[in-house]
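Chain IDs A, B and C follow the sequence of writing; residue 1 opens each chain.
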Amino acid sequence: MRIHPRHIQKVAVVMLGGAALFTLLILIFIIGFILEKGLPVISLRFLTGKPEDLGRSGGIFPTIIGTILLPLLAIIIATPLGIFTSVYLSEYTKETKLTKVIRFGTDCLAGIPSIIFGLFGYIFFVVTLGLGWSILSGGLTLAVMILPTIIRTSEEAIRSVPKSYREVSFSLGATSWQTVKRVILPNALPGIVTGVMLSIGRSIGETAAVIFTAGSSLRLPESILDSTRTMAVHFYILAREGISQENAYGTAATLIIAVLFINLSAYWMMSRFIAKRS
Amino acid sequence: MKLIGEKGVQRALMFTAFSAISALLLIALFILSEGLPFIFRYGIKDFLFSNDWVPQQGRFGIFPMIAASLWVTFGAMVVGAPLGVAVALFLSEYAPRPVMRVIKPTIELLAAIPSVVYGFIGVMVLAPLIREFLGGPGLSLLGGSIILGIMILPTVISISIDSILTVPQSYREGSLALGATTWQTIYMVTIKASKSGIIASIILGLGRAVGETMAVIMVAGNSVNIPHSPLDSVRTLTANIALEMSYATGMHRQALFATGVVLLVGIIILNSIASVALRKRMVKK
Amino acid sequence: MLKKIIVLSSIFTIGLLIAGCGKGKTAITMAGSTAFQPFAEKLAEQYMSTHNNVSITVQGGGSAVGIQSANSGAAQIGMADLVILPDEAKALTSVAVAKDGIAVVVNPKNSVMSLTTDQVRDIFNGRITNWKEVGGTDAAITVVSREAGSGTRSSFEQIVKGIVLKKEALIQDSNGTIRETVANDVNSVGYLSHGLINEKITALSLDGQACTSESIIAGDYKIVRPIYLLVKGDAPGEVGNFIDYILSPEGQQTIKANHLLPVK
């Protein structure tokens, strides 16, 4: 008995639509669960106070500082390195086997699990170089982790700048660097910024690599050699060890809001740039 | 900047590029230099296929962890791939464009949620459910697969949508003109045309699943055990590294780096397949 | 715009760096035993409130991390809760600062209230697999243990001799996590530091002895181990001062008040 294609179509719509609805519900559930339990905990005192009794009470201010400082250090190191590397690779070199190998290499490194960077960071920065559990160790490890991604996304953004732009610039007598500075970078900026923003988002949520390199000190860091705890690590410890469910949810809610804010800003910035161009 | 001149800038850029690439090379070499000698000394067969992981007695067989990583990733694929592709199809073929343009970035936001949050929800919500309705400790292969499956959804959905959208509208119009329904067009034309991109999205998602650490430590139970059922507790390669790395010394530490090498190889293989699939998609146009 | 951000951030970071270099404070890092970690943090807090020139940070990781980081210099003081210190610790000076009992714990809803040492051994070995075999309900036992580098685990397995942990045992990475796991699963059993017991879990009586401070001090409860602080060489300067503080009546009182046992 052959079922009429229109009936199959209806079933298909329902099933596919159901899948979409189900996925959205999961998303809403996850975010809603955390926000519902966490938002009531968030107050000015929670955000600016120091943790007391190992985090059972008090605020999470030092962890907010840690969450800002670690990705900041990583971005400061990795962004210029990454952008200029991709500029050099795409504008100043010819497409050779070597560049293909480098591209493949950075692609692979971008996919390496963060725990391996954590392992590397612990053995190399914390122990061998003697930096100890510190913002420096954590920042360097995160920088190395996001560098391949920044190189890759920058390169894609630079490549998407039309060849004609470059040709016009050269025909007007500009040098390579002037072309890069005045034509290519401004046009590739949306893509580059997106890559950087996504890397920031990833660094903020990163736990495995951070615990083993920056440690888990609850004290407000006073120098770059101090250990610090990020919100993600704080949430992990509070939740896992049952120190305070409430504060765990509060930390998670703050974390999610921060990450969502960064990603939304990235999108907004990108759409603004694209609108400006066209 | 006239001071430096064009040549100077070029040299500066070259130096930067060199430094960056050397840094990355350093890491790769570091991991290999710690891990490879161990593999050759211990014997690759024993390392990969022995069941005994007892570091205190110098036995470093990671087979249970390889099995766990493979099963958990497979489970994630079973959960995430069909669901993800279904959602991608719905959003690109049935949903009105403006709706898709709002929902796609929203789903991509899912990817930004830290993995520890997923893991926590797995422990507090999913594990008790599994314990109650299916038995076992709850912290299990099943729990890990479901959480990982959810975690890879944004990757699968986003890249699949990109891929489906590149199928020329003329293909669809041709099919509809011949009298096919939208659904028939989807499975006879659109899916076939975007197959490479969809496969690439799934493989990239699997790459993420293989590398996930925190969520699996929280939800999968961490037993060094070859799973006989989805309700068994398992320890993935990544969890093994995380649980033991802070105190491992000597051969034990090298064994962990060697585990890293195994993970690296797995991910390189996955990435290569994905990029071949993605390139196929480009060439077809 | 981007340039401005980069310049500002670099100045900020360099400022931090300089701030760090100019500090007169002695920085002490303690790392190791998760059983002692909460107590170390409390002691550090108290000590720092009266000694402004010292900055003490406490990390966890387990006793093996304590030994290793003391050896490598990543920490000035390693914390280890082990019955017998392993060879790696021979190069270090060890000071016992507290005593701690290890309680075998179950979920409060579990009807089983006491076990013999043999029963405990068989449960962790996997020979006893159902609660009904020890007087409880008909349910499979979920065994929860620590990772291999844990002092609590090493001590537990050394005192309750003959345990070869069964392969299906769940592994969690700190005392606190075991507590949470047992608190969430009615059929689970685990072990953790006596000092970390709270109302979410029940400590079983072992061979008729309840796990209380009194029975541990009296020597009736058998699963007990010392908590060692490990330093390289003899404890110089501020490190030595801090350790002396922990051994002082005030330090030991803090330890007692928080349900750990003083070493004297």
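In this section, a residue touches a chain if its C-beta (ideal position, glycine included) is under 8 Å from a C-beta of that chain, and two chains touch if they have at least 3 such contacts.
Just so it is clear, the model here is predicted, and its values are computed rather than measured.
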{"item": "Taking each chain's C-alpha mean as its centre, the one farthest from subunit A", "value": "C"}
{"item": "Winner on C-beta contact pairs when B-C is weighed against A-B", "value": "A-B"}
{"item": "Cα-centroid distance, subunit A relative to subunit C, in whole angstrom", "value": "34"}
{"item": "Geometric centre distance via CA averages, subunit C-subunit B, whole Å", "value": "34"}
{"item": "Computed distance of Cα centres, subunit B from subunit A, in Å", "value": "16"}
{"item": "Residue numbers of subunit B (touch at least two other chains)", "value": "123, 246"}
{"item": "Interface hub residues of subunit A, defined as touching at least two other chains", "value": "80, 240"}
{"item": "Touching two or more other chains - residues of subunit C", "value": "none"}
{"item": "Touch list for subunit B against partner subunit C, complex", "value": "55-56, 123, 127-128, 131, 135, 137-139, 217, 221-225, 232-233, 235, 243-244, 246-249"}
{"item": "Interface residues, subunit A side, partner subunit C - complex", "value": "54, 69, 72-73, 75-76, 79-80, 126-127, 130, 132-133, 135, 189, 215-219, 222-227, 240-243"}
{"item": "Residue ranges of subunit B touching subunit A (in the complex, touch as defined)", "value": "1, 6, 9-10, 12-14, 16-17, 19-21, 23-25, 27-28, 30-31, 34, 82-84, 86-87, 89-91, 94-95, 103, 105-110, 112-118, 120-121, 123, 125, 150, 153, 157, 180-184, 186, 207, 210-214, 218, 238, 241-242, 245-246, 253, 256-257, 260, 263-264, 267-268, 270-271, 275"}
{"item": "Touching residues (chain side subunit C, partner subunit B) in the complex", "value": "61-62, 64-65, 67-68, 88, 140, 142, 147-149, 167-173, 181, 184-185, 188"}
{"item": "Parts of subunit A lying in touch with subunit B, wherever the complex brings them together", "value": "5-6, 8-9, 12-13, 15-17, 19-20, 22-24, 26-27, 30-31, 33-34, 80-82, 84-85, 87-89, 92, 102, 105-109, 111-120, 122-124, 144, 147-148, 151, 175-177, 201, 204-208, 212, 232, 235-236, 239-240, 248, 252, 255-256, 259-260, 262-264, 267"}
